[in-house]
Each structure stands twice: as C-alpha cells, then as structure tokens.
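What follows are several structures.
Next come two complexes built around chain A: one with chain B, the other with chain C.
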Partner chain A sequence: MVMTTILEIIFIILLAGIIGLFFLGLSRKIMARIHWRYGPPITQPLIDIIKLFNQTSMSHGFLFNFGIIFSLAGSVVVLLFLPFGRICPLSDSGGLLVILYLMLIAPLGLALSGGEAANPYTSIGISRKLLLAFGYELPLLLILLTVMTHYNTISIVEIVNKQFQAGWSFQHLSLLLPGIAYILILPAILGFRPFELIQAPQEISSGPMAEYSGKFLALTTIQHAFNIFISISLFTNLFLGGAANPGYFFLKILAVFVIFLFANAVFPRFRIEQAIKYLWRWPSILAFAGLIIVLITGKNF
Partner chain B sequence: MDRNNLGKWLKSPGKMGQKYSLHALYFCTGCGIIEIPPSITTRWDAERFGVIPVATPRQANLFLITGYVSVKTLRYIIRSYEQMPEPKFTVGFGSCPINGGMYWDSYNTIKHLDKYIPVDGWIAGCMPRPEAVFVAVTHLWTLIDKGMADGYNKYRANYQYYRENQEKILGKLEWPPLFSKNIKHEEYRTIA
Partner chain C sequence: MNLSIILAIAFGGALLTYFSGKISKKARDVLAVLISLVIAVILAFFYNTSSREIFYTGFLDFPLILRIDTFSWFFAFTIAVIGSFSIIFSLSYIRKKGNTDYYYTMMLLVIASMIGIILSGDLVSFYIFWEIMSWSTFLLISYNRGPAIAAGIKYIIMSVTGSVAMLVGIISLYSHYGTVIYTELSGLLYNASSGYTIFIFVLFFIALGIKNAIWPLHVWLPPAHSEAPSPFSAVLSGTLIKIGTYGIILLIYVIVKINVFLNLGEGIVSARYIIAVTGAITILIPTFIALLQDDAKRLLAWSTIAQAGYIILGIAYGTSESVASGMFHFFNHAIFKALLFMVVGAVEYRTNGVRDLNSLGGLIKKMPVTFVGGLIGICGLIGVPLTNGFVSKWLIYKTLIINNSPFLAFAALLGTWGTILYSYKLLHNMFLGQLPEKYEKLERAPFSMQLPIVILSLAIILFGILPGLPLKVINSIESGFGLEPLTINIWGITSDTGTINMLNLFVAVFLIGIMIWLIFKGSKKSAGIGQYDNYAAGTTVPKNKYHYSVDFYGPLHRMISPYLRDFIDDFYMSLARSIKNLGNGIRRIYTGDVGYYAIYIMLFLALLIFIQIKWKLW
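What follows is the complex of A and B.
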C-alpha cells in the first residue's frame, strides 16, 4: 500500500512535468501559427532547460536559492492532492481546503526569491504578482465554497465521483454561474493575457524573472509548467467531471488549455488596477450569485 | 541542422543546448533596431531556430550589437556583457562595430568594438538584410560545434587588456574588475 503510494507520487510528478513542458512547447507552436510564423519545435522548452542547466548561474544570497525551491516544492505538493484520472496519491487526506492553502505557496516563494535580488523590475513584478493573486483569490474562494456547499463535501475525489453519477458540474444549473466565473479567472491564475502583467517583458523586463539566470531560470520554467498543469487540472476536476482514466483526463486538460491559448493570442494586456477591478467585479459577482442560488435551492446530494 | 540527432544530444547535451537555444539580447544602439523586428516576427521567424529575444542580460546567451557604438552606450554594453552568464556569444551587426563604418572619423563613437569586449562574429553591411542574422546564427552553430566561439574565455584570459582599453576611453570605471587574475597579458599584447 505504501509502496503503491510512493510509486504513484513519483509517477504523477514526472507526468505533470512532462505534460506541463509539452503544454509550454505547444503554446509556443500554436502562438507562432496564429502569428503566421512557423514556430519552434515542440521540444523547445526542453532544449532551453538543458541549455540553462549547462550555464553558469548567479545567486543573490540564501533566500534567492531558497525561495525558488520553496515555490517548486509548493507546486509539487499540490499535485499530490489533485486526482489525475483515478490516480490521486494522497486522496484520503486534505481536500479542497488544503489545495487552496498550498496554491499560495508558489507565488510566495517566487516573491521571497525575487525580493532578495533587489532589482526594481523584480519588485514591481512581485507586487503585481501578489496583487493579482489577491485579486483572483476572492472569486476562487467563493467558487470553491459554492462547489463544496453544493456537493456537501470538501474532498475533491468525492466531488469527482459524484460527477460520475450525476454528470458534469456544468450540467447542474446552480453550478453554471461559478463555472463561468472560474473560466473568467483562469487566465489570471495561468498568467495568460489579458493578465500577462506579471512578466510583461516589454514593460518591466520580465518582472520577477529579471535576475534569474542558468538553473534558476530552468527551475522557474519547470514551476511554471507545474502551475499550468495544476490550475487546469483543478478546473477540469471541479467542473468538467474529472475522468475515469488518465488518457481521457489528458485530452480534457489539453482542450481547455488550447481554448485559453486562443484567448491568450488575441487579447492585449490589462494594467494592474484594471485587472483587480475586473476580477473583483464580474467573476466575484457571478460566483457570489452562484453561492446564493446554491444556498437557496439546497443541497442536491 | 542536426537538432533531431539524438546521438549528439546524448553525447554533448550542453553544446547542443547552447546551439539550439540562443536567447538573444538585442543591444539596439542605432539604426539596427529596424532590422530586428522583421527577423523575429512573421516574415523571417527567428524562433524556428530557437533564437528568441529576452528582456534582461541575465537570461541571455547571445549578445547582438546592432549599429554604431557611441562612448556612452559602450559603458552599458560592457556592463550588460559582464552580467550575462557563461557561455555567451557576441555578434556585431553592421559595419559600425567592425571599423566605425560611416562614423569612421566621429569623435564620439568607438571604432573597433573588439578592443573592448570579445566578439565571436561579425555581420558586415550597412545595413545587413534581416536574413544576415540567420546566416550569422548558422555560422555561430559551426563555431560552437568546433569550440571556436570562445570569446568569453578570451575575456577571462585577457581581462587586463580589455579593462585597460575600457578605462582608456571611459575614464575610471565605477564597477570593480570582473576577474582579478591575468594569465596571458603580455603574450596577448604582442599579438595585438
């Protein structure tokens, strides 16, 4: 039993890394095709990471090294609580509340690490990152609260199982509004346009990443890949019914990712105060309305 | 292009990675800024060769200096070059970094960029077409393959020479020397 859990943990971390890097490569290729370019090979992020590990890298002190590992570890731990198909190594413990807490570790670690570099662009990027996290946490909390109230459980595995019996959450009318709200905030969690203001290479020199070189940049890339996998998996598990086997689950997250990529390709970028205004208005209103509807109509299970 | 040659990847992953993932820092000092956007956008897509512009010197390993270098920008070119992680490659784009070009008698531009930082390759012309960037990249691949793109090692070995030249034109530099030891100082002098 313990052995299977350990094997599952290793398997899911490797799989998430591979899928995340594949998504990064796919995003560069699809963005290039939308721009009418040929685009890099789909393995380009892997090539970049191999190169970055073979470079010298400058450290800026203890917290600079620690923060990046902290953020990567935070992402890896969230993975263990998310069901991937039927595979979920730590399904017995935790649930949505734990995921909600752990999801904050990744931006916090990057903020610690970047703050040590004492670059003005890094400070601007970090303040934007934390403000944006502040912006999408409110609707996200409301959405998760609605889902938990509707299904009367905090376990994400149980939510997925209930969706097997009663259809996707989107098919329940009372969960339609929170689902739409989640779609509206997902680009902010992924760091896609119109919420690409954290890195913004043309504006603040790639923000928190400005001082990263060599293996630090490689680790941030891997963390970004994990982050993409986590945010889309959470959405798929909560609203698109999860999946019975990993292959089907992969197809689902691929479809969601490509749709958000198209949005990423055509939108310009918000300013930070516009982003906060937007996040605290429309998704929050929708999620709150959904919560009230769920409370009035009562529990279905 | 041997990007899909798995044997080479297993044999020397570092070298292959450096070849096919050139993160470029464009130091657009003057006229060359016009030639760079076409080369990275739709018409001549540089990203298919793995060349992608990055925002800061820390993330870059290809330093492209386009156009003339005035004394003022030289200071920032040197600082950016010293911030880049090794291995790093420099390419001078256009006539002006080579020998001054049309600014050959200007009091305010430097004439030979390779006196101040090591340059691995030149693209001649005033101005070169954007295709020339790709010719330079393929040449750079050959140089990396043969181990000849070692400007960063030359900088380390002959730092005293470069530092003296920099101080000659910029006065006293406000940053401390990057390397303290000087291995082949006298030897290099006789060659140069």
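What follows is the complex of A and C.
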C-alpha cells in the first residue's frame, strides 16, 4: 500500500517534469514556426537546464536560496493532489481547497526569493505577478465555487468521478458559462500573452528572473514547467472530464496547451491595469452568472 | 484554588506594580512579568475543570458570580498567555519612554479586567469589568500623546456608546426575567417574542460589535491600533477585540441558545444570515483598504478587522464546523497578529519609531530572527498549509460550500487572496529589497523581544501541524453549546464531506523539500554577492534609491482607491461635527454671563404676561 503510493508519487513527479519540459520545448518550436523561423530543437529546455547546473551562480543570501526551494517544493506537492489519469496519491487529504492553497506556495516562494535580490526589476515583476494573480483569482474562485456547488463536494477526485458518470462538465448546461470564463482566464494563469507582463523581457528585464543565474535559473525553469502542467491539468480535470488513464490525459492537456499557444503567438501584451480590468469584467460576469444559475437549478448530485 | 484569587492577584498585582516602580525599576519589571506569568500558570491548572463561586454580594444585592468552564478557560488562557508575552516584549520597548510605572499598571489592569470579563458568571460583573477594561484601554491607547489622544477619544466615545446600549439591554433582561445570571437566563428567551429577542440582540451587538470592530462599527480601530505602543497593539489586536467575540458567543450560544438563534427569522432575513453577511462585508472592505496603507501598523490594524470578519462569519453561520472554525481562528489570530505587531514593534524600536513602509527596506540582513517571525506570521495570516491559519480557514470554506452558501465562501476566499497582497507588501517593504545606508549599523532586536517572537512563531507551526490540540478543547466547548462535535484526530479532521490530514501534507512537503535541497546543495556552489552587485541595466547601482516600495501596488491602487474611502468614518465624523455645531449654537445662548440669563428670564416672563393678556389661558 505504502509502496504503491511511493511509486505513484515518483512516477507522477517524473512524468509531470518530462511533460512540462516537453511543453516548453514544443512551445518554442511552434512559436518559431508561426513566426516563420526554424526554432530550436524540442529538447532545448533540457539541454539548457543541464548547462545551467554546470555554470557558476550568484546568491544574495539565505532567503534567496530558500525561496526557490520552497517554491519548487510547493509545485511538486500540488502534483500529489491532482488526479493524473486515475492516479492521485494524496486524494484524501483535503481536496480542491488544499490544491488552491498549495498553488500559492510557488509564487510566494519566488516572491520571497526575488525580494531578497534587492533589485527593483524583480520587485516590479513580483508586484505585477501578485496583482495579476489577484485579478484572475476573482473569476477563478467563482468558477471553482460553482463547480464545487454543482457537484456538492470539495474533493477533486470525486468531481472527476462524477464526470465519468455524467459526462464532461462542459456538457452540463449550468457549467457552460463558468467553463467559458475559465478559458478566458487560462492564459493569465499560464502567464501567456496577452498576459505576459510578469517577465516582460523588453520592459523590466525578465522581472523576477532578473537576478537569477546558473542553478537558480535551472530550478525556476523546472518550476515553470511544473506550473504549466499543473494549471492545464486542473482545467482538464475540472472541465474536460479528467481521463481514465495517463495516456489519454496527456493527449487532452497537449490539445489544450497547443490551442493556448496559438493565442500566445499572435497577441500583443496588456498593461497590468488593462489586464485587471479585463479579468474583473467579462470572465467575472460570466462566472458570476454561472454561479447564480447553479444556485437556481439546485444541486444535481 | 479559588477563582477570586486569580482576580485578586491580577488586580492587586497591577497596583503593586505601580508602587514598586517608585522603589526600583528592576523590581517592577520582574514583578510585572511575574504577575502575568503567574496568572497564566494558575489558569493552566484550571484546564478541564468547572467551578462557580459568588465573590461579592454587596453590590445592589446582585450576587456577583465567577465561573469557569472549558469555554471561558479557552479564552482566559489565551488572553493570559498573549498578555504575558506582550509584557515580556515591553521590557525593552518601553524602557526608553517615560511614565513606565503607569504603562505597566495599565497593561496589567487591562489583562486583569479582560480575565474578569471572561470569568464573570453574570451580566452585572461582566459589565463592571467591561467598563474597567474600556477605561484602562483608553488610557493606554493615548499613552504616546499627540495623535494618540485623538485616537483614544474616538475609541472611548464609541466604547461608551456601546456600553450604554449594553446597559439598557442588561436592565431590560433583568426587568423581564428578574435575573442576570447566565445559567438562569440561559434558554429563557426561548419563550420570548422574536421582537424582544431582536431588541436584546441589537442592544448587545452595538456594544460587542464596537469592541470586535465589525463593519460598520470599526472606525475606532485603525487609529487606535496604529497609535498605541506596539506591545499593547499586540494585546489590543490579539485579545482585546476578541472580548467582543467572546461576548457574541456568550450571547448566541449560552444566553439565547442555538435553537432560538437559528429560528430567528427566515432564510436570508434571519439573524444568522444578517450577521454572517456582515461578517463577510467585514472581511472584504477592510482587506481592500489594507492594500492601500503605507503605515505598517495601520495595515495590520485593517487586517485585524478583516480577520475578525472571519471569526464573526464562522460564529454566526451556526454549523458545528463553522463555530469551530470561528473559535479556532480566534485562537490563531491571537497568536499571529500578536506576533506581527511585535515584529513591527521590534523594527520600530530599532529604527527609532519608523513604521512608514516607504522608508524601510533590506532589514532581513540586520534583523534575521525578527524577519523569520514576520515570515511565519504572514504565512499564518494567509493560511499557508502547515500553519495554524490554514486549518481554521479550510473549515469555514468547507462548511460554507457544503451548506450551499457559495457567496459567503467567495467573500472569505477572496479576502484571503487580498491578504496575500498586503502581507507580502508588509514583509517586502520592511525586510526585503535594498538596505538604506542609514540602517547599515542596525543591531538585532534585544533578547526580550526575540523571545516572544520565537515562541509565537513556533506555536504557529505547531498548531498548523497538530491542529487536533486546540480542536480538542473547541470540541468540548461545542458539546457544551449543544452542537455536534467534529470527528478529529491530532493531525486533522475526518468527515464524509471532506477530510484533512496535516501529517500527510507535512511529510510530503518535508521530504520533497529535503530532496530539492539535496539537489540544490549537490550542484555547483553559488558565490555570495552583496546588494550593490546587482543588475542595473549597465549603470552602477544607485545607493538608497534602488528599491521599489513606494506605491507597490500602484496600478491597483489607482483603480480601487476612488471606491474605498472610508464612508463610514466620514459619516461618523460628520455626525460628530454636527453635534459640535449644535453645541456651539447652544453655547451662544448659554453664554455663562448672568446678565444674559436675567434677560432670558425677563423675556420669558414678558412672554407669559403677553400670552395671559392676549388669550387668558390660565
């Protein structure tokens, strides 16, 4: 029992890392092709990470190191709560609310680490990250509450199971509006354009990354890979019915990722206040309407 | 051991401290710490006992009663412990200032009267201790003079208004039922008309709500918390406003009883929902206002109001999980908010009174222990998993979602996300970023400040991993109230609708953290560099200026600040102004000059004579 759990944990962490890095490589390739370039090989992020681990790095002190480790640990722990196919090692330790809270460790860790770097570019990036998160959390919380109220549970495993019986959440009419709202905010959660204002290389020198070098950059890249995997998995589990086996699940998240990549390739960038105004307007209105509809139609389970 | 002995030690100790200060400063410091610790230790021995005694009968023939049960033990013990930590913290904080004898006496008096309120067994002694607390608090808030006097006056005016309302309520209860003792009153309102119950509720809520700073009765709190001496802010925020919480629980679950409370009104217009919605508003508005603050203590003060909203929401919602979460959050908030005020106090002490978030920075290098305290404090405040705030917040969200109140859950969740923003700002602007040159010689906080900070930080982690410890006490309180206790074990809570297990989480985070740390350690060692070796787009790093702290959330600030003026405060201030104008108008008539009064009398007589001649009325 314990043995299988440990094996599952190792399996999930490795697979999520590989998928996340594959996505990063794929994104560079697809973006390049859309821009009429050839692009680097798909393995480029992995090569970069190996290279970065061998380079000299600069540290600004204890919190600078600790924040990165804390952030990466936060991301990895979230993986254990997300159903991957049907594998979910820590399914009975708190459900969706815990996931919601654990997902905040990663940005908090990066913010602490970046804070000690004593560089205004970093601080501006962090400030934008927190503001953007505040912007998309408003509709996201409404969406998650709608889903939890609709299925009358706070366990994500149960939500997935109920979708096996009754079809994807998108097929439930009362969850249609929240689903659309989720699609509208997913680029902001992923940090894709038009919401790519946290790093904004041309403007604030990669923001939170400005002071990182060597192994720090390598670890943040890994963290970024996990982050992409987590954000898309959560959406897939909640609205696209999860999956019965890991292979099918991978195909689903790949499809979602590629679609948002296309949007990323063609959009320019919002300013932060434009982003917040956008997020607090249409997605929030849709999510709000969805919640009211679910309250009126009553619990279906 | 008698309960009246505790009060005798507390009140007698307060006076004794004053006189011992006249003889020797050292003896006074030792005495103050000793008294506060002795009270806490004695109270600890009362764990899981219940007793009741009449301590005085001479007051208008009311038997004044003290009683202790698990409910009052939980509150009294928390108050005593936080109180003694805050007195230890005061030792060096207050040394540089004048009037120290007065300070310690008032501090002990506040703690004594709070414990008196909690241990009271009837409403008359409750009221007496309540008044002692209000006045001694007023004297301490105004301790710093200057703007602190105005803050104190604002507090005492609101407090007196509340006390008068409560007094009317107590008198009304007495004239209806002929008793003011909790055990005799309890359940009597079952037969009362709902109109009378609401009347009693409103009267008590004015008093309790003002003390607990529920929106829209919160306006005294931000100036009072920010102007009071920091160790006292910790007591104010951590425990004193929770006396209001205690009173609300007492009113709802001991005097009125849960079954009457839940049947008071129907659906959305029931007492339960109205108070819960007020709690939700109390979470949301102050959270947004806290985002805009630039004064560290003012930011924490607004945060206190918001966190009190969670407690009220939990208590008023009335399911056994929500009430447990309300009481657990009271306990947690007492710990982490006291800690945060101490952290800010330590920085204020070392930088000679700077609490402006725009002029600090980089202090992590100079005050590492204080920083770690601040970090753990904000983690608890946000409710990061493995800190105590997480479990209490998880409980409230869960019960709100399962019982079909997603909008209340939304307010609570969104409040948490706002909390992340303002608490990161607090930490970043004080401790992170560039260290200004003038603080390069700063020393660490003295031991008497670090000790409470370290202990409270450890408590946050301890109760985060072992939430079963306080929940066990809360469970037995709940069965006393007639609520169904939760199924708990030491690591967490189990139930059909959602289980939480902090052990799994702790092991997972710990092992994964160790693994990543090993990878980090194993790879190439990094070179340490200073703050002037930074990336600066090709130029040298400017000293004292290379810190992004002013207007940290500028874009959001510009968006929301027009909507977030404190309209309630403006309303009260205009009310105060019109009363002042009325007074000025009256003063024109009552000039104090006998000549004028003679003329008034003459005019009045003339009027009477005129009326008599004209109409022959009498």
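Before moving on, here are some points about what is shown:
The rule is simple: the second predicted complex is superposed on the first by the 301 of 301 C-alpha atoms of A that agree within 3 Å, B and C clash if a C-alpha of one lies under 4 Å from a C-alpha of the other, contacts with A are read in each partner's own complex, and residues count from 1 in each chain.
One rule holds in what follows: contacts are C-beta pairs under 8 Å (C-beta built on N, C-alpha and C of every residue); 3 or more make two chains touch, one makes a residue touch a chain.
These numbers were taken from a predicted model, which means no experiment stands behind them.
The wider contact with chain A, measured as residues touched, comes from C rather than the other of chain B and chain C.
Legend: residue contacts after superposition of the two complexes on their common chain; A:28 is shown touching chain B, with no touch to chain C. With both structures placed on the common chain, the touch criterion links A:72 to chain C but leaves chain B unconnected. In the superposition on chain A, A:209 makes contact with chain B only, not with chain C. In the superposed model, A:37 makes contact with chain B only, not with chain C.
In the superposition on chain A, A:244 makes contact with neither chain B nor chain C. Contacts of A:142 after superposition: chain C is touched, whereas chain B is not reached. In the superposition on chain A, A:54 makes contact with both chain B and chain C.
Shared-chain residue A:217: touches chain B; no touch with chain C. The contact surfaces that chain B and chain C form on chain A in the two complexes overlap at residues 53-58, 121, 205, 210-211, 213-214. Those residues of chain A that touch chain B in the complex are listed here as 28, 32, 35-41, 44, 47-48, 50-58, 121, 201-202, 205-206, 209-214, 217.
Residues 362, 364-365, 368, 371, 375, 382-385, 390, 394, 397-398, 401-402, 404, 406-407, 409-410, 413-414, 417-418, 420-421, 424, 427-428, 431-435, 492, 497-501, 504-505, 508-509, 512-513, 516-517, 520, 523-524, 526-529, 531, 533-537, 546-549, 552-556, 558-559 of chain C are the ones touching chain A in the complex. Residue ranges on chain B touching chain A, taken from their complex, read 3, 13-14, 16-18, 20-21, 23, 41-42, 45, 47-48, 50, 52, 54-56, 58-59, 61, 84-87. Considering their complex, residues 53-63, 65, 68-70, 72-74, 76-77, 80, 90, 92-95, 97-98, 100-102, 104-105, 108, 111-112, 115-121, 123-124, 126-127, 130-131, 133-134, 137-138, 141-142, 145-146, 148-149, 152-155, 205, 210-211, 213-216, 218-219, 271-273, 276-277, 291, 295, 299 of chain A touch chain C.
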